[in-house]
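Going by the order they are written in, the chains are A, B, C, D and E; count residues from 1 in each one.
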């Protein structure tokens, strides 16, 4: 079954999607492109025929059932896994491995247990040769951003689950990559922290123009953050939908959470997910 | 566990750990005192202590005891530090690069089980009968053990942490330094403890390579002249050095690998 | 006839012509002994085995017998099994420019400190008017001397077969030996006191078998040597050459009771062997390898079993 | 990595791993052939091979070669299996119980660095000059190494998995069997590899305890008779046994600890 | 500040709470009781003066900011940590250590990497001495319940994040403890799976009468599952609120999600959490 032949598309698919609200993004060549990508773990195919592309500065939210392949898609973009079929392209070049242009917020935080919070956050700066003072400065700034001021010198095993998750986020924000791959980055956070950070992500995107792939299980979150929502129903048979999110700019505005088109989209997707 | 409970537990630990060898010593003294073992073979602790004092005062074979100890410690420490450093480096490299692993595999694994006695003639030929040979013999066994441990340690590096480092711009060396090495540390620290013990046991063999000072020489010489109390005193010195270094390494290991088992 | 058990320690690194023959040809069995042998790499390793009553009789060089006895082991020498006039030799590297003992000054000498190699070396130096301060003594186990020689680490070495032969095959030249220095060395049978005193019949049978072995050796050397040659894996020619090189003599039991060896009963302290052993005692004391010389040197020899055997044999 | 890529990588690995010792052998043959080293110290490979064939056909000192090999293998395997089993058990216990740790600490850590040569007289006294002594000497060194590794391995058990087991009703033994042991396996497998190498090197020392068969005896005897090519043949046999067992253990380790580094 | 002196309690606190909808529960002695519990990590106090009790068959939902101490509370109930002040009591006895009467669904799954999914699930049965066939049967049943049929023989590292989380849940359901401590058990699950499992948890509680402590960051989830909601605002100063949830029985009814008192409570708590 090819993408074109798939039935019941409630919204436009892939590149044919209407302009995203991020001005100017639609004209530029895509930052990221999957072309009929398939993937198998040890010979067991878990996805086939996945094609999509993401423009510069766009946020693509990935929604889908547990185990459908969201993390696997992120891993292919990050360059940790190679598609077993098709090609994955970033900035016009086939992805052959990980690189600092693509930062990853891992589903399970994946912190360096042997480094303090500050050292974890400033890791990319250390790799780039930044001095001690500069690293500390950035670490403190980022820790404050994710609400971890005062924990800079704690080790990961002294943190709660949600705090670990926030270090994983801060670490990537500090690196400021061109493409951010976020795998359920807010799943262990309370409502307030979560909403604050959602707004923060939008602000950072607006400021830096970075492109974001955002995996979440929260339809609200997908709709509030995503320029488009990629709903992965059944990647094994190559079935997925793409929804356009039409919310007024500036996106970070909390009012958007009550916008009628927001509520409508939420309902549509909820129905679709429960079948 | 509260702080005071922890303090009490630590105290009890030190107490039992001190009493246990003392109990063995007491049993030994009793066996010797009751005449249950020939003093020529199992001399009473007091006789060993006397021999120790004799050596401390008059030296052994005309060389002061501390010169023997210093000679051995110098050999072991140079060989140990160099062997551990190179062994860890090569082991980590082998863990990360299949090519390097393939090149080093057969030579190192053929060499590791070979008894030092089998290598001595070759070492004499190549490195002479001086310090070089002795140090190299110990160095080699430390190197080979550390290589096994470091390489095995690499496997403990979690996929996610390696990936995280790479995607934050770490180059090969930085991945190595900041992820692979720390992940391998638990096994490296264990290797360091095992290798120290082995280095000390090899000391005796290495001092077969010529020379007339060192604890290994002392033990060999005393045992070929059937001076059992001196053999025991020398052996006890090596044992104490081993115990002390091991406790140091174990303590350092717990400090260094502070995150282990904490989640 | 019921067999008497006896446990014998021998050295795998030594040339045991008569023992191999006696075992291999069934001489012991014929004399009513049930022999169990335990191989050892060298004499010192046998001392704890004697102390622990793991073995009853042991063949060893005279050095370990003195150290064992001086350390209070309840043992005594039964007889001198062989005397090696040229087994221990001083060999030198011709390239080092050493022709005579005096030339050793300033050279590097391989010795096994504390052994008869060391003892011989000091005598040789003394003969040339030198002391150990005039040379560099390099302490090596005998097996490590040939590699050290080949590697140019030592200019000379005073040591026994087979190591000395190995250096000679590499071009080293002998310039002194036990005989040329007027010394003696060799192998002795040492027994545990408990066995020597408590098992006269066993001792008699052992000595009878040994006497026969010596006689057979004299009568038919080639046949007797074949057993040991086979054990060490040499051809008859190779083995003959090695044995000739040692200039070995096996004193008879009659000779054993002469002043050259253990001495006539009651005159042990005056024998030449006793003087030699006392010399070793003094040397070991000087080298600080023993605490004190034995108070009762005479107890180191026990000729009663030989006397008993000779008495019964002459009946 | 696709399947065919993986197959090709494995092939290249085996190729390089085979070529590397062959290259050393070739270099050695060249050195010997050019007369750069005295054949009594570094005989050419061909001479060693000849001696090996001689031993295979005619035995060594009247005992068939395979009897020597079998005697040594029997000693090593009994000592190794028993030492590893007890060492792992005690090490895990030490890792879990501070009391047991405190009792065993000083005795075992004093003993570990002691050269086997220093223990030989005592072993003769206590266990005689037969098999018991030899096996116990190897057993002891395997035991002590495995104890260090197993105890260190315990620290790798994650707090959460221990807690999970306890709250699912696991008793002390079950926590041990189902959580502590598997968590310690990476270090235990490394320990098994290191201990096997050490057991083989100790073999020679153990056969100093008297006896006329075994590879250790063969090497000692050949070296005291200066039969260098036989020494080399014996050493090579030990090396090959070590290489084979090590590869077996490493392979088993990867199978057994299949989950390591997979996340 | 004691619990009694705390200001602004929008609802009733602790034991004084009105009867929970679980019939008969209120009369019985509490299964679980905290009395002025305080806790410090390495001398750093993270909570003080926490008192509450939970009746048999009750579900208490714990809501609160990331890092406030929810996992720590669960750890004390489980017996992994001992209160540094006050006492924690289960079934009338002070908690001194873990036991099979209290099962834990860990925030980070904490699966046994060396066991297959089936072995993980049947672990408690194995400890209790159940036979192979029985264990397989239960494992398959529980795997089906959490939507993991077909993955019984997979190892944890072959699963996605959400699948791992479900194994952690299945493992405790298989053990069937009297008290279940669930630490954000559904955080990595998609809406559909999540709602199915929420209803399953309610059904199990109704069937077995077990008591459940349930940590979540979703107000919806807390309100749908909880008989009471324990809102931990600032445990460091001993400040928390308890809300009663009044929903008609049978609880698992999906209709409850639209019930007016459900929506009202959700709104109240949302406001309170954002301040």
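Definition applied: a residue touches a chain if its C-beta (ideal position, glycine included) is under 8 Å from a C-beta of that chain, and two chains touch if they have at least 3 such contacts.
All figures in this text were calculated on a predicted structure; none of them were measured in a lab.
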**Prompt:** Common contacts of subunit A and subunit D?
**Reply:** B, E
**Prompt:** Which chains share more C-beta contacts than any other pair?
**Reply:** B-D
**Intercentroid distance (Cα basis), subunit D paired with subunit B, Å** = 17
**Message:** Can you work out the whole-Å distance between the CA centroids of subunit B and subunit E?
**Reply:** 50
**subunit A and subunit B: spacing of chain centres that average the CA atoms, whole Å** = 50
**Request:** Specify, in ascending order, the residues of subunit A that touch 2 or more different other chains.
**Result:** 108
**Asked** By residue number and range, which residues of subunit C touch two or more other chains?
**Response** 48, 51-52, 143, 146-147, 150-151
**Request:** Please set out, as single numbers or ranges, the residues of subunit B touching at least two other chains.
**Result:** 38, 41, 121-122, 124-125, 158-160, 223, 228, 257, 262-263
**Prompt:** Tell me, which parts of subunit A touch subunit B in their complex?
**Reply:** 75, 78-80, 97-100, 102-104, 106, 108, 110-115, 123-124, 126-128, 155-157, 171-172, 175, 177
**Message:** Could you list, by residue number, the parts of subunit A that touch subunit E in their complex?
**Reply:** 41, 63-67, 70-71, 107-108, 147, 158-163, 165-166, 183-184, 187-195, 217, 219, 270, 273-275
**Request:** Would you tell me which residues of subunit C are touching subunit D in their complex?
**Result:** 9, 12-13, 38-41, 45, 48-49, 51-52, 54-55, 142-143, 146-147, 150-151, 162-163, 165-166, 169-170, 230-233
**Request:** Could you pull out which subunit B residues touch subunit A in their complex?
**Result:** 158-161, 163-171, 174, 178-179, 182, 185, 257-259, 262-263
**Complete:** subunit B contacts subunit C in the complex at 38, 40-41, 58, 60-62, 120-122, 124-126, 128-129, 208-212, 217, 221, 223-228
